[in-house]
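Presented sequentially are two complexes of chain A, the first with chain B as partner and the second with chain C.
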Partner chain A sequence: MRTAYIAVFAMMALGTSVTTVRVAPSAAGTVSGKVTYTGTPPKMKPIDMAKEPNCAKEHAAAPVLTENVVTGPGNSLRWVVVYVSAGDEGSTPGTEPVRLDQKGCQYIPHVLVVQQDQPLDIYNDDPHAHNIHPLAKVNPEWNRSQPAGAPPIHTKWEKPEFIPVKCNVHPWMHGWHIVVATSHYAVTGEDGQFSLKGLPPGKYTLTAWQEQFGTLSQDVTITGTETKAVNFVFKATPY
Partner chain B sequence: MGKLFAVVVTVITVVSTAIFITHTWWLPVDISAHGHAIDHQLSETMLSSGVLFVLSQLALAVFAWRYGDRKDGRQVKTFPGGATPMVVLAAILVGAEILTLTFVGSKVWAGIYQTPPDPNSLNIDVQAEQFAFYFRYAGADGKFGAVHPELINEANENFFGLDPAHDTTARDDIVVPSLVIPVNRPILLTLRAKDVNHAFYVPELRIQQDFVPGLVIPLHFTATQTGKHEIVCTQLCGLGHYNMRAYVEVLPQAQFDQWLKEKAAQQ
Partner chain C sequence: MRLHTRLVALVSGLGVLLGTAGVTVGSAQETRIGGVTGHAAAGKKVYRRYCILCHGPDGDGNGENAQWIDPKPRDFTLGVFKCRSTPTGTLPTDEDLFNAMSRGFVTTNMPPWLPLSRQNRADVVAYIKSFSPKWKTTKAGTPITIPQEPALTIESIRHGRELYQKMECWKCHGAKGHGDGPSAATLTDNRDLPIRPYDFSTGSRFMCGVTNRDLYKIFMTGLDGTPMPSFADDIKPAEGWDLVHFLRTLQPLDTPELAMWRAWLATHAGELKPIGPAGPGQ
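Our next item is the complex of A and B:
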């Protein structure tokens, strides 16, 4: 009996320590944390855009670096998608259009997350043509040229899929369309931080995806309006 | 009408010949060690075909001037034996000219493309793909890593399909999208295509060679002048063919060494 009291007390104390003062407006919890790596990640290499003089000129002062593994201070990892992969509750359909830009011979953002059936608008902001080619396998693959000044391409993805996207005329241009079935997702920034808000009480599986290192998953249980800390640590290899 | 035609033909002949003689639209500067042979052959071809062109056009003008306005419809003269021997003779004459040019030209071509490369050549691998060229230098160890087409991945700039995780010789390979070469040093390119036929064409180097998927094609030359020129694909290879190009930059040896060092540090 005494042990049980201690256990309950310990749980309460633990709950207090991880709960922040922030309270979601609805009775929903938050999961936040940081994505980091151990080991040696590949080098971020400067991209030589000599083939497309406009872009080479635009980035002459600071060359664009490869984005397949982008690291930051404190071993943080950028462009990691963290999303609810199982046990999803309270998701809302994506209705706001998501914007992808082709600018300076780069995909902005490099990793774009979109919900299934959510409108996706693709813009060419460069003074030359691009040829956007999502290498979809579950969804229908397409391949469309977008000359300078052409109107945006309005499209959407109907099924969840991780789709690599390339530009057929600029081989270094590489990005991802991550199509998810949930509205609970986040992409890590330079500091590796993420936060998933508005999670109703329930048991969830969170998955973190990095384009080169693969996926990691963790289970998390939300009981009320607390903020749970979940961190992901990827094993990095230089090649 | 016949006289007017004769004048027009003569004017066209004189103007078009003058454009060639004065080199108004001529070849770009030749920056290769072998280019003079091609230019010489081209000049000979232009001269022999040019002389025939001028003679035949002027003969046409003379006949048109003299006989074009005859009203009586009488034949001037017939070819001995009629039309058949005339056509046969013309075919033999033109055929002999074309065959002669082909044999002489092939000798020049073979002297460039079919000769062994200099053993001290700088080896550079070239990968052509829709719609770009990539160039690979061996790095500090002087060895090229093996290529594994299944490992080709544009996302991490593995355009050649190297396997640095298992192949140590591949780790220091330098892969760049521009061809940079030292001046006056024999260069041996090894051409590979990832997908479809492409071509490596640098008019200033007097070099044009197709890439064929599945074939590894050697191509050697020496650049004799520094400068920067365009490499273009001259095989229609798909939607983005118009944009398939790269640059070749010929540098003094010291500058080239410096460039290679900088690139090696980025790998």
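Our next item is the complex of A and C:
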């Protein structure tokens, strides 16, 4: 009994510092679900890389398909970014560098999510040159050459923005840098599944973005450690 | 009488306050080019007389004439400019904008604006900077350092040729610099409009000037908004001059570079590997 009193007094004495510690991820929920489409999406078409013989040879067995709309079994959609677009102000900034590879005349990953001010490293793994040209509007637009064997480009984006990225030398190379303010985001895989973990109790707006079909948003409330199911269904058109 | 004096003092005091405020606001919309200070308010009048028909009342490049023009007039709201002395992704200096306007853009509808006084041009530069919010939050980039141009040697030209191969300039500009490389036909600018690489065989002025120094700046800063990237990460400052010397040999002009190159080729042409995709000879 006496020990209990002492514990209470100790906590009172510690005051605010105790309350900040209490925000530990112990009470954190998860939002997970699947992104699918209805309607007719465009067909994935093989890319002709004949103009870059190295890349054509690399993909001779299985040509690379266009990635603007990538579908999977059960009408699932790949490369959809699901992120907390409201309710997560003051998210911790990312410090781990995010890696973009140019390999076989493709951007890997096709859709890359990075937090603002998070380090971004760009590698050229191909035996020939690329130019990386992010068509940013809010952030500064730049265009840098990266020949074979050049060291990685270390950069970052300072403001949230959805930035299309292209290589002018290889016009089929197209990717996205999605710069978000939140640390809660996911990119769907071929199965269309996503999962946002570690969400403290609160009200959030969840947004799903697909490069051709636009955005969908839903509100979700987390009260404890539950897992909420949220699904997004895009209306697909062939063009 | 006493009341009157007080009122006068109060009013003049207010005037001083407003005046100070005016100066601070104004300084953000001023440019300094050489000994000339440009003012946005004065520049607006000149802009609305000479620039508005192409660049539009809002500076977004959608003026009345824009639909008839190719390439399209610059959209100043983006704050992206081709001809800079500053690294890719940064804003140009006031002098860069002043020089671009004075020089005009060869092969486009933008004429040289030398008939306007230096004061007029400095004023317009100040006004142009009011169209993009970027000028309010970001400073102009720091101009790149350009070493003194070394004496021309055949080694310099030959090394420049190696760079042209290694940096894959030929992918767009072609093996002979005719602007007909394998990627030339598919190039687009930042508005997704088709754009052509420079054809050295025309011998025309470059988009951003005529001197060797201008040529050096073009590939070391890149022409932002176009497919032409910056090579500053890959070409060492001194090597840049080698590339300049080689590029001059691609133009049908009476240059010391071409004369020296022709003299060397007369006896050494067989030693050269062709420029282009790596083949058995590379």
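Quick note on the criterion: the second predicted complex is superposed on the first by the 212 of 239 C-alpha atoms of A that agree within 3 Å, B and C clash if a C-alpha of one lies under 4 Å from a C-alpha of the other, contacts with A are read in each partner's own complex, and residues count from 1 in each chain.
Keep in mind that, in the parts below, a residue touches a chain if its C-beta (ideal position, glycine included) is under 8 Å from a C-beta of that chain, and two chains touch if they have at least 3 such contacts.
The structure displayed is predicted, hence computed values, not measured ones.
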Inset, instruction - Based on the superposed arrangement around chain A, label chain B with chain C as either clash or fit. - result: clash
Inset, instruction - May I ask you to decide whether A:212 touches chain B, chain C, both, or neither, giving the answer as first, second, both or neither? - result: first
Inset, instruction - Applying the touch criterion given at the start, work out whether A:129 contacts chain B, chain C, both or neither, answering first, second, both or neither. - result: both
Inset, instruction - Using the superposition on chain A described above, determine whether A:137 touches chain B (first), chain C (second), both, or neither. - result: second
Inset, instruction - Pick one for A:235: touches chain B only (first), chain C only (second), both, or neither. - result: neither
Legend entry - chain B versus chain C as contact partner of A:51, first or second or both or neither: both
Inset, instruction - Have a look at where A:145 lands relative to chain B and chain C in the superposition and call it first, second, both or neither. - result: both
Inset, instruction - Considering only touches as defined above, state whether A:171 meets chain B (first), chain C (second), both or neither. - result: both
Legend entry - Contacts of A:203 with chain B and chain C, given as first, second, both or neither: neither
Inset, instruction - Scan A:153 for contacts with chain B and chain C and give back first, second, both or neither. - result: second
Legend entry - Touching both chain C and chain B, counted on chain A across the two superposed complexes: 51, 129, 131, 145, 168-171
Legend entry - Touching residues on chain A, where the partner in the complex is chain B: 42-43, 45-52, 66, 68-69, 129, 131, 145, 164, 166, 168-172, 174, 211-212, 237-239
Legend entry - Complex interface listing, chain B residues touching chain A: 129-132, 134, 154-157, 159, 164-165, 171, 176-178, 238-240, 243, 245-247, 266-267
Legend entry - Interface residues, chain C side, partner chain A - complex: 78, 80, 88-90, 134, 138, 166-168, 171-172, 182-183, 186-188, 190, 222, 224-234, 277
Inset, instruction - Would you pull the chain A residues touching chain C in the complex into a rising list? - result: 51, 53, 128-129, 131-133, 135, 137, 140-147, 150-151, 153, 168-171
